[in-house]
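What follows is a set of structures for review.
Both complexes shown next keep subunit A, but they swap its partner, so subunit B is in the first and subunit C is in the second.
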Partner chain A sequence: MRRSRRPQLSNLPRPRLPRRNREVLSDEEIVPWSIGDRIGLAAAWFSGLLLCAIAASIVLYMLIRGLQYVQLSALFEHPVVQSTTTITGTGGGYLDPIEGTLILTALGTLIALPIGVGIAVWLSEYARPAGLARAVESGVEIVAGTPTIVLAIFGLLIFSKSAFGFLSFTAEGGAVFGRSFFIAGMMMSVIALPLIVGATREALQSIPAHVREASYALGKDKISTIRRVLLPASRKGIATGTTLGMGRIAGDTAIVILLLGATLTLEKQGTTPVVSTLKGTGSTLTSYVYGNSPAGEGNSPAKAYAAAFILLMIVILMNFVVDLMSRRRSDPWAR
Partner chain B sequence: MGPMKNPPPVRRIVVDDEPTIVEPPKRRNGAAQTVKDAASGLLSAPRKREAKRGKVKERMRTEELGIAYAGKPAVKNVSLTVNQGEVLGLIGPSGCGKTTLLRSLNRLVDQTPTATRTGAIYLDDGDVDRLDVTELRRHVGMVFQQPNPFPMSVFDNVAYGLRERGSRRPSRAALRPMVEEALDRAGLLEEVKDNLTHPALRLSGGQQQRLCIARSLAVNPGVLLLDEPCSALDPRSTSIIEELVMKLRSDIAIVIVTHNLQQAYRVADRVGFMYLGDLVEYGDSDQVFGAPKAKRTREYVSGGFG
Partner chain C sequence: MRRRFGLQKAGPRNSSDQRAELLLGALACVVLALIAGMIIFVFQKAWPSFSHNGLDWFNPFAGGNVDDQLTAIFESPGNPSQYVFTMHAWPLLYATALITICSVVIGVGFALLSAMFIVEFAPDALRRVLEPVVRLLAAVPSVIYGLIGILVLVPFVGNHIISQGAKDSVAGVVTLSGPSVGVGILILTVMITPIMIAIVVDALRAVPVGWREGSVSLGVNRWRAMWTVTVRAARPAIVAAAVLATARALGEAIMLSMVTGSVGFAPNPLDGIIYFVEPARPLAATIVDNSEGLSVPPFADTLYAFAAVLLVSAAFLSFGGWYIRRHLRRYTLSPI
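Now for the complex of A and B:
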């Protein structure tokens, strides 16, 4: 936009007005802004400032509310469950939701990372036949644009089939609920996937062709070039995409409510140490906030504010890490 | 750069038009005289190469080589030899096919899906098509216009070509002598020997380019292709690399593509002048610059166009 002829604040025309007779000035001497331009500039300023104000008020409000209600001890206490079938809980801490958020984020990322990097490598380095590449690209775009509640209901539909019983919480009689950390994690990986694909692909494409050729010129084939040169060179892009994806997972509610089971505490399924948790149900900070907010059944705003504050801190921290990483990112071969 | 006695002729550039060849300014006693005057500035430049050559041995040869991109010929019917013990300079205006010719020697043009090749290329009298492409590229190293070390340590960059894919990977200790030898041959060892584990991208541009040369030398190639290796470097780094090329030419056949006529004159023993895909003139450097046979060559080396 540097070459735009529209006047900008920095280069506002400053007509020199002769003191005596304004009327004689011709149009060439004073170029007044059209009314539309003035309104546009004002609107641009207003929207920018409004956004800052909204962001600041969210953080400040949650900070005040959160700090008011958050108790350090509550971070390490299990919530008190009134009934095993609700996600509301008025007593106790939020250890289980925090654990749930961390488990789900880790699980979703672990699934999405290899698949996302694989898709990005294929799109950037192979992408043949062209029709298939276009199909993969639109697939990624569609997934990126799908509301998470749609993904959640889709996941419920698929994973309630008895064939997937080994993945989820099952009733005594063998009925498959289609709800577990495994299943929620898999659908979560779908929402992180487009972000990882996008960032990795961009990083791969920013590597100049002559770097690839330098590797081929040393007698290396495509696979080892990708493995030894291209992936290490796009590490920062991969990390950025992954962190963005983690933020998305940590902040999502719909998938949690539909696919993680409506239990406040972590309910294990089976006896195998790790698998039992992953096959079991639980809650996350997002579902905890939902359940306890004035809109939910729990109606325990103090708990909701505190949990929302913790969630906000986690997500802001992740964004901060992304910001640090992308700021350091630069094209090392550009000269 | 040597002092130019005559001001260079005016270059006329017409955007979006057929390339125009500007005739050198005519004098009364003919064009030849003019060219000699113009070239004399070039010929008086200090030369890096000694007049006397060592043993010369053929390493590579092309026979009626032609390359076309999507049917459009980029290199036509080129036959030349690449000899160990001397430096072959490829000169010519942009888009004349000299880089394509260079990239065909290690079959890097195969990377371009639309490229087709006719004619034959021989490495040590063996047809390169009979060799596995990775094997060929171990014998024919290449250095690019932009310094492009890989995002890893100095050591790993040089060891990159030595490390085989898959199972038995040689240890660092086993690779170390070879890595140091390659760095030494590229004249970089003294500068980096204490920092072999540092990231290669922190080196200066000139050091990076020498690292790229060391990386190519590590696999012990018989031929080294240099694609405008100094065009992204400052004069001092350029000079260091030219010295290096002079030192290396006795063990390795070197081909250098350059836009810089002075550089070609300084380092090349033999020069090929290309124009619109044809190898217009190919011969001894002194002859091509001093007494070019073809009119196009005369115009180009005297700065008439390009």
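Now for the complex of A and C:
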């Protein structure tokens, strides 16, 4: 309606507005920046740029060293074993450490995921009695703060008991070795657990109440609401938590050194195809790096740099995946 | 106030639902029991070491060389009645506290400034770079930091920073060759700062923009508005970030065992500037370095005593953080 009258008006000459100074005051004109404010701002800029510089130097340095020492053929070669009891990685490739990292990460995640999601669902949707819920919450928090080395020697204490002999190698005298992929994977799942619980809980709590009510109104009971509505809706949070947990597992060294037996190659125990590997010992990229650094027995920096480069690439890849996931539309219930 | 537990307690109930609740509750109980079991087991194993030494375990003036004591424990006779337990762990406790506190203090300031930069002052292009960079730095495994430390920083410190005169001046006491408290603090700061930045950035963003705009409209400049309004409102999250970072720093074993020299030595502040290039070894690194001795019972008990101290510190830390946050929350609307 209004538009139809416009053509007549448009023929008139445009009125010239009086020219006023409409500019917004700049920062300095509001309150003069005191010397303390200037120093603070300079410090903020400095630390931001320093952060960039540190990250760039670490990534570039590892990249240069990696390209210098990584040989593609070595990715598919078994390491040469000098001794079966210690890491002495002076020959061969990194196939076994890479396999070890993948197996251990997969195993730890497989154990942690259902337990973590279960606990998060219970904490967010049931949580009765409240005292127990509070205890479980602080328990998970304590685990998140526990050093991995403490978890590692605790694992060694528990799984060396003869009751757990089926999980690892048992020596002639009946002494249980207490070190295997099974055992390391279980303790690794403990590190990933708080991350998965936290992310899943947050995702569940961000789902608006009306979504649950709509499901109840359609006659669904609580557990089917959780299974059919809430868990699919919080898939993204679960995936983020899981990926963070996988990064933590892939990057941990203390548990690997203590609980994976620190043999350079995958040493199988028994003859059953998959179980034999899981009952056996091995190494991961982290323990390989540690063993080949001057602090370990191997002391061949070239190998350590190469393995560290591969590890860094795996971590960057996981980071990238998390980034992609968080870019997707975050709230399925937003209109 | 937001309810923390049982977001939706209501809802239709039937037998399958009750079974599911029981099952999930049982799972939570099992995990809780495992955690309690861990604490009890570790303390039970650690008890002989504490009970044999009494308060000397923690006494700064008890004296003795920790490494010699560890060797004596390792070589103690096989007869359980003759086990050696003498352990005066002060140098290890001191190294742990020194490295953790220094890197957390430096890290908190650095993380706060960086987070303010990311949230408020950085140009858009730089901000888009910085956020993934922080996430990446937080995810780099500690062994890679340790590797860079031991192959780059430690030789640099040993060859260029420490003068021959400084080496000679403490030659009778300790060898200065590069691995040092200072390198440990530096790398640990780089390790834990990104974790704090990520948390603080989220918290600063969660403070309502209107609060800051209000103060800017009253004529306060951008820095002052950020510092006096937004940062104050985000204090609980800053405490939470510091607690998390301290827990990581306390438990860092591999990296510190690589760069701090693995010598049970208490750096002496009276040595002046050399203080920061003297070697040491924190508790967690001691456990890693000596893990092959776990088969010797008294030695294992000593290592579990170290682990028990770490566990207690971690628990106190999370309790202390909770307490401080509870008090700070009165002054803010921050959700954390």
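By our rule, the second predicted complex is superposed on the first by the 303 of 335 C-alpha atoms of A that agree within 3 Å, B and C clash if a C-alpha of one lies under 4 Å from a C-alpha of the other, contacts with A are read in each partner's own complex, and residues count from 1 in each chain.
The criterion applied here is as follows: a residue touches a chain if its C-beta (ideal position, glycine included) is under 8 Å from a C-beta of that chain, and two chains touch if they have at least 3 such contacts.
Source: prediction; values computed, not measured.
**Q** If you stack the two complexes on chain A, which partner ends up touching A:136: first (subunit B), second (subunit C), both, or neither?
**A** Touch status of A:136: second partner only.
**Q** In the superposed arrangement, which partner chain does A:144 touch: subunit B (first), subunit C (second), both, or neither?
**A** second
**Q** Under the stated touch criterion, which partner chain does A:319 make contact with: subunit B (first), subunit C (second), both, or neither?
**A** The answer is second: A:319 touches subunit C but not subunit B.
**Q** Which partner does A:221 reach: the first (subunit B), the second (subunit C), both, or neither?
**A** Both subunit B and subunit C are touched by A:221.
**Q** Quick check for you: in the superposed arrangement, does A:269 touch first (subunit B), second (subunit C), both or neither?
**A** Touch partners of A:269: none, neither subunit B nor subunit C.
**Q** Compare subunit B and subunit C by how many residues of subunit A each one touches, and report the one with more.
**A** C
**Q** First (subunit B), second (subunit C), both or neither: which does A:210 touch?
**A** After superposing on A, A:210 lies in contact with subunit B but is clear of subunit C.
**Q** Quick check on the superposed pair: does A:233 touch subunit B, subunit C, both, or neither? Answer first, second, both or neither.
**A** First partner only.
**Q** In the overlaid three-chain picture, which partner chain does A:254 touch, first (subunit B) or second (subunit C), both, or neither?
**A** A:254 sits against subunit C, while subunit B stays out of touch.
**Q** Do subunit B and subunit C land on any of the same subunit A residues, and which?
**A** Of subunit A, residues 216, 219-221, 223 contact subunit B in one complex and subunit C in the other.
**Q** Of all residues in subunit A, which touch subunit B in the complex?
**A** That would be residues 208, 210-211, 213-221, 223-224, 228-229, 232-233, 332-333, 335 of subunit A.
**Q** For subunit A, which residues count as touching subunit C in their complex?
**A** Against subunit C, the touching part of subunit A is residues 27-28, 30-31, 33, 37, 40-41, 43-48, 50-52, 54-55, 58-59, 61-62, 115, 118-119, 121-128, 130, 132-151, 153-154, 156-158, 193, 204-205, 209, 212, 216, 219-223, 225-226, 247, 250-254, 257-258, 286, 289-290, 293-295, 301, 304-305, 308, 311-312, 315-316, 318-319, 322-323.
**Q** Quick check: in the complex, which residue numbers of subunit C touch subunit A?
**A** Within the complex, subunit C contacts subunit A at residues 4-9, 11-14, 16-17, 20-21, 24-25, 27-29, 31-32, 35-36, 38-39, 41-42, 45, 110, 113-114, 116-118, 121-122, 126, 129-130, 132-137, 139-144, 146-148, 150-152, 190, 193, 197, 216, 219-224, 227, 243-244, 247, 250-254, 257-258, 262, 284, 287-288, 291, 294, 303-304, 307, 310-311, 314-315, 317-318.
**Q** If we count contacts the way the header does, which residues on subunit B are in touch with subunit A in the complex?
**A** Result: residues 106, 108, 111, 133-138, 141-142, 144-148, 150-152, 160-161, 165, 201, 205, 212, 215-216, 219, 232 of subunit B touch subunit A.
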